[in-house]
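Two complexes follow with chain A in common, the first pairing it with chain B and the second with chain C.
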Partner chain A sequence: MSRPALHRQAFPPNRGKQAILSALIVYLVYAVLALDVSMARIVTGIGNAAHFFDRMFPPNTDPSKLALIWDGMKQSLQIAILSTVVGLSLSLPIGLISARNIAPAWLGGPARVLVMICRSFHPLIVAILFVKAVGFGVLAGALALVVATVGFVAKLFAEIVEEISPKQVEAVRATGASTLSVLLIGVLPQVLPRFAGLSAYQLDSNLRNSTIVGIVGGGGIGAMLFTASQRFDYDVVLTIILIIIATIMTLEFVTARIRKILL
Partner chain B sequence: MTPDTMAPPPAAILRFDRLVKAYEPGKPVLDGITLDITRPGIVAIIGPSGTGKSTLIRCVNRLTDPTGGRILLEGEDITTVRGSNLRRVRRRIGMVFQEYNLVERLSVIENVLSGRLGYMPFFKVLLRRYSDEDIARAFELLEAVGLDPAFANRRASQLSGGQRQRVGIARAIMQNPSLVLADEPTSSLDPRTSVEIMELMVEIGRKRDIPILINMHDVGLARRYADRIIGMDRGKVVFDGPPEDITADHLNRIYGGEGWQ
Partner chain C sequence: MSDIPLSAAPSAAQHWKRHSPLQSALRTGITVVIVAAVVWSLRTIEIIPEFLYDAPAQTMDLFARMWPLDWAFFPTDIFPALIETINIAALGTVLAIVMALPLSFLAARNVTRSPVARWIAQFLFVSSRSVNSLIWALLFVAIFGPGALAGVLSIAFRSIGFVGRLFGEAVEDAHPGPVEALTAAGAGTMSVLVKGYWPQVQPAFWSIVLLRWDINVRESAVLGLVGAGGIGVALDAAISNLYWDQAGLVLLTIFGVVWISEFVTSRVRARII
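Showing the complex of A and B:
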């Protein structure tokens, strides 16, 4: 008796994947056409940019301006550090609770919804809301970035916690440790290094965002950048940009050093 | 001593009474296990994979909850204890795992000290306030299991398999347990290290006068080191006796067929 011919395929076609890819390509073509991207526009654009750069040089180094800009930068730093510290202290417990392998559903569900809400708005939109709620200034910006920090760090931290080795946790539980002790000894050592990594990233991210919440009234150097560009003071704009770059690079250097010592 | 002044026979240290565990209804993994562990020493549970050895051991400290029957630890019914009572039961039972299950990122000494967690309130754990006696004992235990104290501050992840299992044993003993469970403690180790670990277990069981319940599938090791062998097959006990009583017939029954030898 001959065996029926087996239909063998090492890589069976995935119709769903093909459909999604084709749809994506069709949309890209449509979008490029709809945006009316033309050579002429790009050429004028480059011309405008050249003119803009020309007016930026040399950067404005008037001491009184510099003092003002530095004040703004200090505010931005305050926003960044404050929001990172507060946001991280909230993210640690919220992230733990959101992890499906740690907390029961009645606790984890609401936590995940909270994180989702924090994630769903851009920091600028949240900043607008807080400016309306608590008035112009550093507090509004810092609160907005706390929300952004929770939205990002708590979510990724929950995913990290979901990947831990259950064996190590089980062994600690088997010693008769209480739930909180199990978290502290069995779970946290497995995830803290990666939480520290997330924290360093979020500090960088908050630094960058703290320079921009000022545009909507959230305090910091962003407000100055916005005003300067509205008034076509491009030399001041350049000074501000250079100060932002220098500050962020310095802080990245510092955080990298801190990470090296801690981890 | 005359017979009438003799105390009644001591309660078993551990008693399984018609224990049943079914992960799926109608398909019991443990099918009415009744056993008494009355004496210190090594009790080896042998049997093929999937026969319920691990489940049996894990029911004792309730990492797995039994479906029916009872488990008594030193006369106390622990089948359904919960919350802080369960934790008080667990701290009396040490456990050694196949893959050591150390907290990899913690130091060796802290892994040993974690055997005390069941005795400590949370704030002390938070501040790592282990008592001086505990710390002194943890160092003694490191030596007792054959580890150089120089290892104390290394991360557990830096140790070899055999060394990690020694730390796992020290952690279990740190609990001052009335009973030690070991789930395939040598299955991830090479033959020579396996022998060393078994010898260590025997020594500890003797010195501390506690029973050690070990799951294993290496019949040779079981025969060599156990004081009592329990053979399991498909959720039932099919042999229970001293190692010298186990015959090729028993083994064929336990492992099914002769091809395994």
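Showing the complex of A and C:
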């Protein structure tokens, strides 16, 4: 018989958690030191910032510049639209195949590996590879975002499909329906609303990324933004950023409304 | 949720329709707009056929140039850059948390009563999210010069909106019971936040942080392309010099790191949530 403890602690300290947290803090201190940032650098930086904002304002509203910027933005929009449409039409079958409850392992395994590879690289890196493969321009950027779309939408779509209720699928199968009918009548109606939600999210995300693929030659406004910032034309940079933000916010608003109407 | 008629034998009097006329008109309108947008994009996209025919050959050429990988490049250039990338991701995430936590309490309807304060917090989140981290990096490189500091700041500023919005929603979902009990006992604001809200939102907090850290590892790998430090600098240098064997090794390293970080996050998530 053990003696009952007189002063039992209500919340005993969690040693493991404390150890992990201390290790984390030690690492963060090391990381800050490894950054090698001197106070002088920060002070200069803040001085620079004043100069920087001074050159940024007012934003450049020269009509010829605006026309150029609008051209770039138009390209970015086109990249976003095309990559979303193509990417989604690929993600639907790939996502279905990667779901563990739909396809056999010999088909699902390779599909999941493909999706994982698509997810591993930032769209900008994929864009570099496509620029090498198909040359500078909109096509390279759009292909890179198709890869990003498959990596994100197919993965989440597969997870959604794995959560469906098996009852409807079994009911359809019990009538002797073909595999295609089981998919169309038993599976898809359960998951399409959430697929639509993912699609709207991905369109926004593709628009954000289509504004930067230009940095590596993938078309769109990014090239202009990068050049303007390297030439210290900060008033143009500000105009471009404001236009990007306005476009993204407008599109986000529109997709939210469309989702409400469609669902 | 389906288009199948409800009655087995619909009579003329019973004609079921899923959507009201206005709804179906709106849906048709949206379909038309989407098709028009796709057609518009397709018509103006420039595809140079010569480049396209050339693509398989170019791709083969790319892989041929990448092989064999230049392993000598790893200890001298890639490894230090890799450590810097990981540091940028970690510090950026921590800095984002520090800035986003107070803001997310400010944005939560059940904590902050003032609509103006909530609106300000929401506005900051939206602006942070609308600007891509590469664009943030361009700005910070202009201010602080090329290097990891610009990278940390751009990761942090891009993450504020993400962490703040999701954590703010988690706070709004918190159960009011413990909070009311503490308030009734006369606890101060700080105690209410720490003892009333924090234990409830802690799992959500760690899951959001892990998710963002995972994203930040990927993003900090490309920040170097605009000069904001990390392994992207090595990638940029290799590609500019057309040393594809070095670029291939950088890509392989990034692939490995992303894979490890995904593995770590899924393990940690399974443990703590």
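Going forward, the second predicted complex is superposed on the first by the 223 of 263 C-alpha atoms of A that agree within 3 Å, B and C clash if a C-alpha of one lies under 4 Å from a C-alpha of the other, contacts with A are read in each partner's own complex, and residues count from 1 in each chain.
Here is the rule we use: a contact is a pair of C-beta atoms (placed from the backbone, for glycine too) under 8 Å apart; a residue touches a chain by one contact, two chains touch by 3 or more.
Remember, it's a predicted structure, so these values are computed and weren't measured experimentally.
Trainee: Considering only the touch criterion stated at the top, classify A:249 as touching first (chain B), second (chain C), both, or neither.
Mentor: second
Trainee: Which partner does A:22 reach: the first (chain B), the second (chain C), both, or neither?
Mentor: Neither partner.
Trainee: Which partner does A:167 reach: the first (chain B), the second (chain C), both, or neither?
Mentor: A:167 sits against chain B, while chain C stays out of touch.
Trainee: Who does A:212 touch here: chain B (first), chain C (second), both, or neither?
Mentor: Touch status of A:212: second partner only.
Trainee: Scan A:89 for contacts with chain B and chain C and give back first, second, both or neither.
Mentor: neither
Trainee: Please indicate which partner A:186 is in contact with in the superposed arrangement: first for chain B, second for chain C, both, or neither.
Mentor: first
Trainee: In the superposed model, does chain B or chain C contact more residues of chain A?
Mentor: C
Trainee: Using the superposition on chain A described above, determine whether A:177 touches chain B (first), chain C (second), both, or neither.
Mentor: Once the two structures are laid over each other on A, A:177 reaches chain B alone.
Trainee: Using the superposition described at the top, list the residues of chain A that contact chain B and also contact chain C.
Mentor: Common to the two interfaces on chain A: residues 189-190, 193.
Trainee: Flag every residue of chain B that touches chain A in the complex, lowest number first.
Mentor: 61, 63, 84, 87-93, 95, 97, 99, 101-106, 110, 114-120, 122, 125-126, 168, 171, 175
Trainee: How about chain C: which of its residues touch chain A in the complex?
Mentor: That would be residues 1-2, 23, 26-27, 30, 37-38, 40-42, 44-48, 51-52, 54-55, 58-59, 62, 83-84, 87, 90-91, 94, 126-127, 130-132, 134-135, 138-139, 141-145, 148-149, 152, 218-219, 221-222, 225-226, 235, 239, 251, 254-255, 258-259 of chain C.
Trainee: Can you list the chain A residues touching chain B in their complex?
Mentor: For this pair, the touching residues of chain A are 165, 167-168, 170-178, 180-182, 184-186, 189-190, 192-193.
Trainee: Under the touch definition given earlier, write down the residues of chain A that touch chain C in their complex.
Mentor: These residues of chain A touch chain C: 27-28, 31-32, 34-37, 41-42, 45, 48-49, 52, 74, 77-79, 81-82, 85, 120-122, 124-125, 128-129, 132-135, 137-139, 142, 189-190, 193, 208-209, 211-212, 215-216, 222, 225-226, 229, 232, 234, 237, 241, 244-245, 248-249, 258, 261-262.
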